[in-house]
Each structure stands twice: as structure tokens, then as C-alpha cells.
Amino acid sequence: MKGEKRVESDLALIDKVRKRQPLIHHITNGVTINDCANITLSCGASPVMADAPEEAADMTRLASALVLNIGTLHQDQVETMIQAGLAANKKGIPVVLDPVGVGATPMRTEAARRLMNRVQITHLKGNAAEIATLAGVQAEVRGVDSGQVGSDLETLAKKAAQIWGVTVTVTGARDWITDGQEQIEVVNGHELMSTVSGTGCMSASVLAAFAATGEDPVASAVSAMATYGVAAEQAARRSRGPGSFRVELFDAIASLTGEQVKEAACVTWRG
Amino acid sequence: MKGEKRVESDLALIDKVRKRQPLIHHITNGVTINDCANITLSCGASPVMADAPEEAADMTRLASALVLNIGTLHQDQVETMIQAGLAANKKGIPVVLDPVGVGATPMRTEAARRLMNRVQITHLKGNAAEIATLAGVQAEVRGVDSGQVGSDLETLAKKAAQIWGVTVTVTGARDWITDGQEQIEVVNGHELMSTVSGTGCMSASVLAAFAATGEDPVASAVSAMATYGVAAEQAARRSRGPGSFRVELFDAIASLTGEQVKEAACVTWRG
Amino acid sequence: MKGEKRVESDLALIDKVRKRQPLIHHITNGVTINDCANITLSCGASPVMADAPEEAADMTRLASALVLNIGTLHQDQVETMIQAGLAANKKGIPVVLDPVGVGATPMRTEAARRLMNRVQITHLKGNAAEIATLAGVQAEVRGVDSGQVGSDLETLAKKAAQIWGVTVTVTGARDWITDGQEQIEVVNGHELMSTVSGTGCMSASVLAAFAATGEDPVASAVSAMATYGVAAEQAARRSRGPGSFRVELFDAIASLTGEQVKEAACVTWRG
């Protein structure tokens, strides 16, 4: 009952994003930086991307949420990310960490762990392999390629959330969200998402825009993933392939109402 | 009358851009760099983006105009921008400065002022807040969010143009262009422009492509803003949201003729 | 006859790319990096972009092909490219060099030559001016602007291929491929390609994805250029300008089958 009530009240959170137009500061990768800016705008929030060490923390102090993405990380960016993260912590705004490709190289894994240790992350978002790697149990991951979250990972995500005090969002064919207490599954989305670079990075921007409203982390993550997934479903219906899907995704999320998300969302609250 | 005659003669300037295909060198931000390259091509000019200190000035010497954009500035880029700017000054080609986000952080404000002091800028293009900040009167800005240029800003832009010897283009729902003597208002454009990242940056590329024809700065700016605005209006008619608007914007500007711009332009010359 | 048999057997190579989903590591320019990632995905391969000196070679060791593109080169990237290139050579995976703008500035020319000297390049891909410049005979280039490959360049490309032991792909209205022995012309493609930034860079990604299958270099290059060109022809039929062409290009290549490429390819094997 509690779960169902939350779903009722929170799935229209995009309406609040549009009303508040929060500024979302990104320190992110160079491949998908433009997509992240545009999806932030399409949600009704405002993006700013500033990663110079001389101004990153200053920019964070103007923002309502911070996204850290290590997709094309350079070593000197890690310290900049930490400074921006600490500024966010001090201001009390949510920090979303997208540990892109963690586990692929030692540098990336070390950088992600250092960020986790130095900054109080609010939202950790990644695919099954990334979340498992960060938690140090790469060998136990099941079904990464198929986007399935195995039962091992459910347990793992829950424990990771408890240890670090973060809300974990594991993306895939089903998205899995947990703060260590509650566990929620969102099954909206479309397989075309995996054919476009940046759909993962963009989900972190959406998450940050929703978190910036001040709603509690789990509610923000559920609403963000459902909204993004519903938009992807609508976009897929108008698309002929990855190029048109990407265009339609911006159009779809920009025209979505909270009411439409509530109707189309497929969310299971596991309490 | 003088004003009206100029409008007649200059609004078809895109035809000349296409004929000359000028090379436009950009030192610009990482968020919208691809959009800037593509809008330059769609205008009929050729883009080149090179920001290594070892080659930036060399590249400027091959170009017919230079765009400096501080949207994702790093500290060491400032000196590179100055070197490229000085090379442009020496060659006598126009320099467009887009002081993105000036005023948001001390680093950005200082960098923009340093560029203004060291390089003879031809065109200063920004929104009302950016232009006002650069002129040191942030507190007096009116209606930035609504895109309106208040009467204070008109006075301010005029004074800024006189002091620095630049042509100022203040973008918004109405674009306002002045060289300190003439004042021109262009009201073409569409509100969808504010839903896509990079529409501001792209207007600087269009401006540079037009300025590269050798027309006088005011005439170039008026023609560029009118052309870009007419293209945006056409694109909006074919769009369902920000994703499709962006695609249509490139298509629209690529197929526009000077004659069509002259017919659809909404320009008021205030003498 | 030999030529015709090869064409029969190799033009459907995209089917093998989709089956193997090779990881393609790019160290590339910031203007078109997103397009390169997306065209790689649309071919059925997986892109990764990592250019930090601390991890670039590590990432190459996970990949099945490496793309080096000097479009927005910084001086410190050259050594990173060399380290990644040497890792690729050691692993025995193909290396594609796209010497964007070589000849425009001394820095760029020197960097490209240094890469050629230090790394065993598999595929050298560029337009006529770039290939000629690298081979040190800029003055002899004919018809660069029109995209025509003059007879001088045919001879030149052949010699360059022999001297360096690379497969040379000269792109233009006609693509010209040679390994110093065989010479093949591919005339698929569309003039809209020259109106979109990144169509050249993307062809290097397609080439790398095809080369990663392990087919011989000439066969890979012919199949890649024919596939990309056929996709461009399909995209052009659905486009109204550069914006829509770019969208349709991703859709087209993502839905192409090897059978369709074989039917539409226009390849002349000159033996």
C-alpha cells in the first residue's frame, strides 16, 4: 500500500521539474555531452557544463544538482570532480555518479572508487557490470549483455546502497532501483536505446533533473526512469532506426506530461 | 531611407556566403562544437576547429573569420584564443566573440574581459545578461529570462559598442544590433530555439560566415540574424519538438535563398 | 575474374560485423566524436572512446580495431596515439589512421608523419589532398575540391601503399582503394555527404568495424566504403537537406543487409 501510494504521488514529477527549471551542472564525457545538455533542456531543466578546475566548484554552487560522468575521464578531472562534489555536498544538492566503463581499465576503476570515497554520492547509476564492478564482485554478475539483473545483483545493489548510503539505479531492459531498504523495478524503455550512444549518459541527466526537485532519492529515481522509459517507448513508435529514434526521444520527453507518465509507467514496488 | 536601402541590399547576403565558401575558424566549446560545424556548412561556408596552442594561430591565418566561444573554457585556452585573435587582427579578418555564461563565475568573466582587452573584437554576440555583465552593469539588466531587451540595455549596448569599437548583437526574442551609431532590431526567430542547446553558439557561426564576406559589420550582423531567424521559423513549422526542430534547422538554412530571406525578414532600422 | 570473385564474397561483410560486434577504440576529434560512436553502433559494432594517456593503451588491448583521427589534435595526444597504436600492433589488430587536415598546419603534418613512422598503420584513409600531402607531393594534387582522384593521385596512392605497407583509401565522389597491388574504385555515395560535418570521420569508424572482422585489408575497405556509400544513397532519397540526411544515414546503415549492399554496390576491381 505504501508503495502504491508513492507511485501515485511521484510519477508526475516531470511537471515539477518544468516548473522549477533547476540548473544541472555536468562534468561529463566529450562523446555525449551535447545529448546530455539537450535531454536536460527537454526535461524542462537547464544544463551547464563546466569542467575547468578554476570554475567547476563555483558553477556547482549555482546549480541544483551535479552529474559526474567518467566516460572520457582525464586524470586531472578527478580532482575537479571531487571539488565540485564537495561543493555540492556542502550546498546539500544531489550528486549523480555515472561510472561509465568502470572495470574496463585500472585508471577508471580507481577514479570511480576515489570519487565514491571522497564525495557523498546521492545517486549511483550504471549498468549491471558497472555497479557490480564498483562493489568489487565482478565475477558474480549475471546476464550483463542481456540487460537482465540477476538475483545476485539485486542483493549486491541493496548491500552497496546500504554500505555507501546511496540510491542505486541499475539500468537495463529492466531498471532496478534501491536505497538498501526499498526495491523498485521499472520496465519501461525500448531496445532501440541500446543502438544509440549516450542513452545511458542521458538517463543520468534526467535523474539529476528530477532529483533537483528535492523529492526523496528513491522517488526521484523511479519517476526519472519511468519518464525516460515512457518517452523512449513513444519515440520508438515513430522511429525507423537509431538516427530517428534519437531525434524522437527529445521530442517525446519534451511533450510528456506527468499524467501521461502515470498512465504508461510500469513500476513494481517491492517494498 | 538610408536604413531601408541597406536592408534591401544586404539581406540576401547568404547568396554571397555560398559563392565564396569562406573558411571559418572556431575555438569553441565542447558541448555544441558539432552543431557549430554543421551550421557553418549549412550556410555554405567551411568550418575548421583547431584549438591546440601550436596550430591555432596558423589555422586562423588560413581562415576568413574567427569565432571565439568561452562556453567550456579551460584556463590555457585563453592565451590560445588571444594568439588566434591577434593573428586574425593582423590579417584583417573579423573576430566574433561569444562570451557564453560570462558573469556566472569569476574565471569566465575575467577571461572574457581579457579577450576584449587584448584582441580587437569585431562582433560581440550574447544574450542580454552576458552583454550587460561584460559592460559591468549586471544589476541593471531587465527581462533576461523573457528574452526582452530593456531600454537600459539598448543604451548600454550602444555605449559598449562605442567604447570598444565593436558591433554588438544582443540575442533574444528580439535581436538587437548596434555599432554605437545605428540600431537595428530583428524579430525573426522562434521560441523553440530556447529548447535546443547550441542555438546561441550556432548564431555566432552564422554571423562569422556572413562577416567573412567582407560586408560591413552591421549589415553582416543584420543579415545573419535575419537569415538564421527565418530558417528557425521555417524549421519550427515542420517540427514536433526540440529534436526535430534541430534537424529541420539545418535543412532550412541549407535551402534558404537570399530572396526568401528578404521576403520573410522582419527588420527595423532605427537609424 | 579474381576481382569479381572477391567482390561476390566480401561485399556482405556487414553481416559479419553484426555477428561479432567488435569493440572499436577511437582516439579521435571532439567535433565528430559522437557521430563516430553512433555510426559504429549502427554498423553493429561497439564504440569506445578513451584518450587519457593512463588508460588509452589498456583500452586498445580490449578492442578489435583502433581508429586514430587528428582532427582536433593536441600535442600531448600524439604520444598517447603512439602508445595505443603500439598496443594495437602488438595485439595484431588493425589500425586506421584518418589524417584530418594534414597539410593545413606544420603541427598536424608533423604529427601525422610521426604516427606513420612509429605505428604500423593498416588503413590510411583521407581525401585526395590529405593523402597527397602525407606522401609529400601536395603540388601534384588534382581536383581536390571536386572530389575527383586524378591519375597522378592513383599512382601516388599506389606508391604510398607500397612504401608504407598500408592499404590506402582515398575518399571522394569516387573512393579509391589500393594496397599497392590491387586497385579498386567504389562509386557509391551521395553529394549530401559533403554538407554534413563528420561524414569523413565516420567512414573511418565503418572501415575499422569492418577491418575488425579479420578480413584482409583491401576486402574490408572495399566492403566498408560500398556499405557506407549505399547507406548514404538510401539516406539521400529520404532527406530534404543536411539535417535530415544525417539522421537518415544512421537509420539506413543500421537496417542494411549484406545482400542489399551486394545488389547496390558499384565497385570496379582493376586488379
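Every chain is named by a letter (A, B and C) in the order it is written, and numbering of its residues begins at 1.
As a convention for this text, a residue touches a chain if its C-beta (ideal position, glycine included) is under 8 Å from a C-beta of that chain, and two chains touch if they have at least 3 such contacts.
Just so it is clear, the model here is predicted, and its values are computed rather than measured.
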| query | To bring subunit A onto subunit B by a C-alpha fit, how many degrees must it turn, rounded to the nearest 5? | reply | 120
| task | Call it same or different for subunit A and subunit C: same when shared residue numbers make up over half of all numbers used at their interface. | result | different
| Where subunit A and subunit C are represented by their mean Cα positions, the distance between them in whole Å | 34
| request: Any chance you could list the residues of subunit C touching two or more other chains? | output: 30, 34, 246-247
| note | Within the complex, subunit A is touched by subunit C residues 30, 33-34, 37-38, 41-42, 47-55, 58-59, 62, 246-252, 254-255
| message | For a test of understanding, state which residues of subunit C touch subunit B in their complex under the given definition. | response | 29-32, 34-35, 71-75, 101, 104-108, 195-198, 239-244, 246-247
